[in-house]
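These are the structures in question, set out in turn.
You will see chain A twice below: alongside chain B first, and alongside chain C after that.
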Partner chain A sequence: MEITAIFQIAGVGIIIAIMHTVLKQMGKEDIAHWITLLGFVIGIFMVIDVIAQLFQEIKSIFLFQ
Partner chain B sequence: MIVQTSVMLKLFGAVLIILAGTAIGFVQAASYVNRSKQLRLLIYSLQRLETEINYGQTFLPTALIKSSEGMEQPLSKIFTETAQLLEDSKELSMQEAWQQTIENVWGHTALRQREKDVLLRMGTVLGMSDAEDQQKHLQLAQLQLKSEEEQAVMEQQRYANMWRSLGTLGAILIVILMV
Partner chain C sequence: MEIIQIVGIGIIAALLVIIVREQKPQFAFLITLFTGVFLFLLVIGKIGAVIEVINELANRSGIPDVYLKTILKIIGIAYVAEFGAQMVRDAGQESIASKIEFAGKIFILVLAIPIINVIIETLLSLLPLGSS
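Take a look at the complex of A and B:
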């Protein structure tokens, strides 16, 4: 389950990187940056559950809940 | 066995999405290629129309049909349909017929608003004044279209390849997100 997510994020990263390079070569830097930001947001959404879990763990360890 | 068929189905869907994305990219790229090609053909036909008006002193509908010869379907319609309209109805002026035809045909071509404005402005003069004046306006239109064509060729070189790769890449991204 977790391994798949890691590979998925790696795939998104590669594709977004290629898109960024293509757009930059064609002189569309602004769109390239937006695409990169979009890729970042997609990555965050993929791990949002895991991050929430992590915060819960930290809370339960340090705040004794 | 059931697991295997579902994997096959997923693979099939992924291939379909990638093919569709690639096709979208190629269609977008083709619109750039078509635009510069159609602009070039349009300039040729305007040159022929100029010759017909200036040296042949041809009747305008005939001149329009002659200058559309050798052109492909969406563009040649601008000329042939105008000629048809002019011959069919007696109360329509050249300008009205020209405008009406361009509005009809424009959606089928790869051309943009600026070329449309150039052609519409030219249409107000066609058949309204003497040959010399019409020639001047035709030459002006050709000049404007030529600068558009140069720009279109530049855009084609830059963006056609970009769209081709972006289509495929976008499709692969969607597939990865859905796995």
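Take a look at the complex of A and C:
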């Protein structure tokens, strides 16, 4: 849980965008879309930990559980 | 001076969102989501300390525990609903966001009903007409 995760997500996004462009230039549109989906899933896994932590904190502070 | 940290994180995240959104809007949304959660996690410890003090004050003044718990639950529900609605609104789904807010209001109303009940009973017992 650090600030670097923001840069990681942004980096994944930029790299995926570059790969998407390159693959599109090569004419492999479908692979490019799968790459995008994969990168998005990786990003979601990064974010979901933090969201779980947030909900846990809210539960323990506001809802007494 | 944590506020400087928070402002810095916010500005950097906004910059990254602008850069990434050109190519991949999905990742821009992920960065927004992450930043929102991160900023809240930075301050939630302090909220916890404040609530502890309020809890102790309420205990000392003899207010029934149920009232404070209900109020804190309402605050929690309001925050979660607001957060979710804003995130969904950022993703461009205005209608889902308004449904989330609606659900939050309903849950708050459900939690508030016992308190309203107590108030009305107190009022009725104060009224001379109520007993007859």
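A few comments on the model shown:
Going forward, the second predicted complex is superposed on the first by the 56 of 65 C-alpha atoms of A that agree within 3 Å, B and C clash if a C-alpha of one lies under 4 Å from a C-alpha of the other, contacts with A are read in each partner's own complex, and residues count from 1 in each chain.
Throughout what follows, contacts are C-beta pairs under 8 Å (C-beta built on N, C-alpha and C of every residue); 3 or more make two chains touch, one makes a residue touch a chain.
It should be emphasised that the depicted structure is a prediction, and the values quoted were computed from it without experimental measurement.
Of the two partner chains, neither chain B nor chain C is touched by A:34. When both complexes are overlaid on chain A, the residue A:16 reaches chain B and chain C alike. Once the two complexes are laid over each other on the shared chain, residue contacts for A:26 go to chain B alone; chain C is not touched.
Chain A is touched at more residues by one of its partners, and among chain B and chain C that partner is C. In the superposition on chain A, contact of A:47 is made with chain C only, not with chain B. Of the two partner chains placed around the shared chain by superposition, chain C is the only one that A:5 touches, whereas chain B remains out of contact. Applying the stated contact rule after C-alpha superposition, one finds that A:57 touches chain C and leaves chain B untouched. Common to the chain B and chain C contact sets on chain A are residues 12, 16.
If you check the complex, the residues on chain A that touch chain C are 1, 3, 5-7, 9-10, 12-14, 16-17, 20, 36, 39-40, 43-44, 46-47, 50-51, 53-55, 57-59, 61-64. The touching residues of chain B, when paired with chain A in their complex, are 158-159, 161-162, 165-166, 169-170, 172-173, 176-177, 179.
Per the touch definition, chain C reaches chain A in the complex via residues 9, 12-13, 16, 19-20, 23-24, 26-28, 30-31, 33-35, 37-38, 40-41, 44, 47-48, 51, 69, 72-73, 75-77, 79-80.
Residues of chain A touching chain B in their complex: 4, 8, 11-12, 15-16, 18-19, 22-23, 25-28, 42.
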